[in-house]
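Chain lettering (A, B and C) follows the sequence in which the chains are written, and residue indices restart at 1 in each chain.
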Amino acid sequence: MIDDPHKAGSDELQSHLEGEGLNVRDVHGAILREKDDPRDGYEPIPLWLVSAFMALVFWAGAYLSFYSGGFQADVFDPVQVSWAGGGAAVKGPPDPMVVGKRLFTANCVACHQPTGQGVAGQFPPLAGSEWVLAGDWHGDNHLIRILLHGLQGPVQVKGSTYNGAMAPWKQLKDEQIAMILTYIRNEWGNSAPPITAEQVAKVREETAGQTEPYTQTQLQAIPAVKYESAAPPAPEVQTAPGGGDVAPPAPAQPPSATPAAA
Amino acid sequence: MSATLAHPSTVTPEMEKAQRALIDESTRVPVILFYGSAIFWLLIGTLFALLASFKMNAPTFLDQWSWLTFGRVRPAHLNAVAYGWASAAGIGTALWLMARLCRTPLRYSKLLISAAIFWNIGVLLGILGILSGDGRSIEWLEFPNYASFMLFVAFGLIAVWAILMFRFREPGHIYVSQWYLLAAFLWFPWLYSTANILLNFQPIQGGAQGAVNWWYGHNALGLWFTPIGLATAYYLIPKVLGRPIHSYYLSILGFWSLALFYSWNGMHHLIGGPFPAWLISASVVASVMMFIPVITTAINHHMTVRGNFQALKWSPTLRFTVFGAMCYTLASVQGSFMAIPSLNVVTHFTHYTVGHAHLGLYAFFTMIMFGAMYYILPRVVGWEWPSARLIRWHFWLVAIGIGMMVVVLTLGGLLQGLALLDPEITFMASLDYTKPWLFLRSVSGLLLTAGHIVFAVSFTLLLLKTGATRTEPTLFGSDQGRQPEPLNV
Amino acid sequence: MNRMPVIVIGVFLTFFSSWLGLVAYPYFNLGRYTPVVDENTGDINPPPLSGLAERGQQVYASAGCVYCHSQQVRQVGYGSDLERGWGSRPTVARDYMRESPVFLGTMRTGPDLANIGARQPSAMWHHQHLYQPAVVSPGSIMPSYRYLYETRQIEGQRSAEAIDLLPPDNPPEGYEIVPTYEAEALVAYLTSLNRNYPLPEAPEPPQ
């Protein structure tokens, strides 16, 4: 064995190869005609290449500053530049039909059913219900009061009588109640103006003293208020308890004006 | 005879040739073991490719059996050609190149022989595992743990071997091919172990898996196959022509810019996907910056060959290698453009990507590996290729085959992508656009299969040392009496 | 560059930078999510999977569905994913926190499945489609997964889980086709795929 072939002399190599039964000429004709191993030339890097690379580096910097979403870990849309920090996507207002449906499904379907049909004799329907659509003697304010404080005793809905109890839902937030009501007012063929969180907040404030669920009689004693009605506002009638709802302004107002507090 | 820069002046050309003889002799068993395995898996992988392609033309084809369902045959194909063919061919080439360039006979060959055995067992277990339903469905990392562990052991042995060889190299100038090979052997075990641990052995939470997956997937291409392919081209092109590489400085620029930019490309497989915007943008930028190493290398190779393109007429090594090197440029430039989001929105999720993948792994890497085999095998076997006609058939079958495949998948993919972009066009319509192109893809696959069979026959005949003893290399045209033309050195 | 340490250190550092960016950063920022409680509904998002659906993930991996189907809804204005009804919002990393492996996918030979449970909530539809995709979706090149189903004789009454198939795959008289456990698991997983819930980093887009 030769320890270090590149230090071995030519004769030594030759005899070693012959000892191994190899003759360089016979076995490795390929090696004999082979050219030298590759070596490096030293041409300079062309200037146009360097310029092109510099241009690319500039482009890279520009691209990264525009399309990196502020390097936030929770910004997923590259088109959205978010250097202000605090990350997440700009939130638009939630869609009541989407979120309201989620809340309704989470809280209300056990009784009123996903179809809004209720259960005959037990739970009143919401589809086509005058209570929901503020038809007949009903107002938007009644609907909000029911959600906040509940309902008990016999009630008339679409010609049928129901004698159950609806629990209060005042633990839900104003926005949540508003979205649920907007949802049920515009689903299953219903069509009525949306309810806003501010309207819910006002009613909640005024009915803060209410401890028992309402009865139909009690609600009928409270004048109906329709927040987006074009009709002239009804005169205020004060009854106790429960107080009045948001009082419509003096009749001097043009009929088409929305009450200021709505 | 001009002496090379690296050589101590005491070494005469005679001694250098004798050294090469010793070196080739020492590499014989490992090289033939890896090359033989590679060609075996090439045939297996090609068979799976045909099955997968036919199943897209006729979904009822062989659909009774779970182990031949498309979702298993397709990853079996990828893993067989990536780990069975391409990696084994790359390792075989790399170890011969390392021995030659380090100017020292291959030591510790038992490490390599063990590695080859572990390798083949791992690939076999992995393919069988995928077909039987143990596949992980993580692209490029489908092998179940019992198989990937084998591959990792084999990789580890090879990396250790590479470092030892490098340690014992002849001191002096380190040639550009050696940078790439050393880098590849250091990068790949790190890649493979990290990805397998974080995705297969102790999977991390799902939100992060995609990033690790494609960090690995792209780097397997860019930091394992590409360096080996480039190292081979950087050796064979100047070697066969007897000319120096055009510019050492371009080599340096090319190497380091590749090292820096390539590894950040991974997220371009996930543009539009559920990842932070900056991560995607960083990969887009890195992908476009790849113009730097790619153009640099293209200039270096082109200027080295310039004036001698007629050599491609008679040298199989050069023809395959230069074809591959040109397709490297083409595939990489295409890739840089594909990473731009306004183009990616069309090509992502379509067959365009599949065409690109084959342009890279076949038209670039596989063709260079063929070129390397045509050069190296006669030297380790001690016999010239028995038939120039077989080499010629091999070249034209695979060149036309891969050219056709890339073109039909590109066109089909573009039509598919444009249709997908328009919500008025039904999804089924986008699928209908692809069907004729998928049929043509199967046709191109048959051409490739024929080419591989021809090559396997050629290889077998070489190993068996059939035919008359040749004193001249088997060049194109040698069976037709044509002589090689002189070069402009 | 004639010294090995220079090459090794350079090779290590360049690669390490990518490891930091594409492995370490995702692990720390995208790999340690906790679920979020929806302030409006009290839902846990993303919802936990049933045991059967978890098993279904493995069947999905074993069958290789990811090679034709993606599971990601791309950004607003980028591609037509949202317009096709493939989701109500783009998907984000937290949506995949309960999946392993994650099937983001890179091919759309078939449609995206990120919200297939919302588009096709019927388990029977999925069974039929898996058994005879070309009949349920004419023009489809999806292969049949009938190896996930058993054909057996009807004993007494037809089983509750037997699936209805159209010709030419409907079983002969006196036989029924029932899903194996793997098929039930796969369908449980498919029907669980629904990412139409809001997250802090991915609110529902406004109307």
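In the analysis below, a contact is a pair of C-beta atoms (placed from the backbone, for glycine too) under 8 Å apart; a residue touches a chain by one contact, two chains touch by 3 or more.
Because the structure is a prediction, the values reported are computed rather than measured.
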Which two chains have the most contacts between them? B-C
Need the most distant chain from chain B, centre defined as the mean of C-alpha atoms. A
Where the centre of all protein Cα atoms falls, which chain's Cα centre is nearest to that point? C
Distance between chain centroids, defined by C-alpha means - chain A, chain B (Å): 46
Just give me the whole-number Å value for how far the CA centre of chain B lies from that of chain C. 32
Distance between chain A and chain C based on Cα centroids, please, to the nearest Å. 22
Enumerate the residues of chain B that touch no fewer than two other chains. 173, 274-276, 282, 341
Within chain A, the set of residues that touch 2 or more other chains is 73-78
In chain C, which residues are in touch with two or more of the other chains? 25, 29-30, 75, 78, 90, 92-93
Give the list of chain A residues in touch with chain C in this complex. 73-79, 87-89, 91-95, 97-99, 102-103, 105-106, 176, 179
Could you please specify the touching residues of chain B with respect to chain A in the complex? 1-2, 4-6, 8, 11-12, 14-22, 24-25, 100-101, 103-105, 170, 173, 175-177, 234-235, 238-242, 244-251, 253, 274-278, 280-282, 284-285, 288-289, 291-292, 295-296, 299, 303-304, 341, 378-379, 382, 384, 471, 473
Chain C partner, complex, touching residues on chain B are 55-56, 59-60, 63-66, 69-72, 74-75, 133-139, 166-167, 172-174, 179, 182-183, 186-187, 190, 194, 198-199, 203-215, 219, 223, 252, 256, 259-260, 263-264, 266-267, 269-270, 272-276, 279, 282, 341, 345, 348-350, 353-354, 420-423, 427-428, 430-432, 434-435
Within the complex, chain A is touched by chain C residues 25, 29-30, 38, 40-43, 75-78, 88, 90, 92-93, 200-207
Contacts from chain A onto chain B in the complex sit at residues 2, 5-6, 8-10, 13-14, 16-17, 20, 22, 24, 27-46, 49, 52-53, 56-57, 59-60, 63-64, 67-78, 80
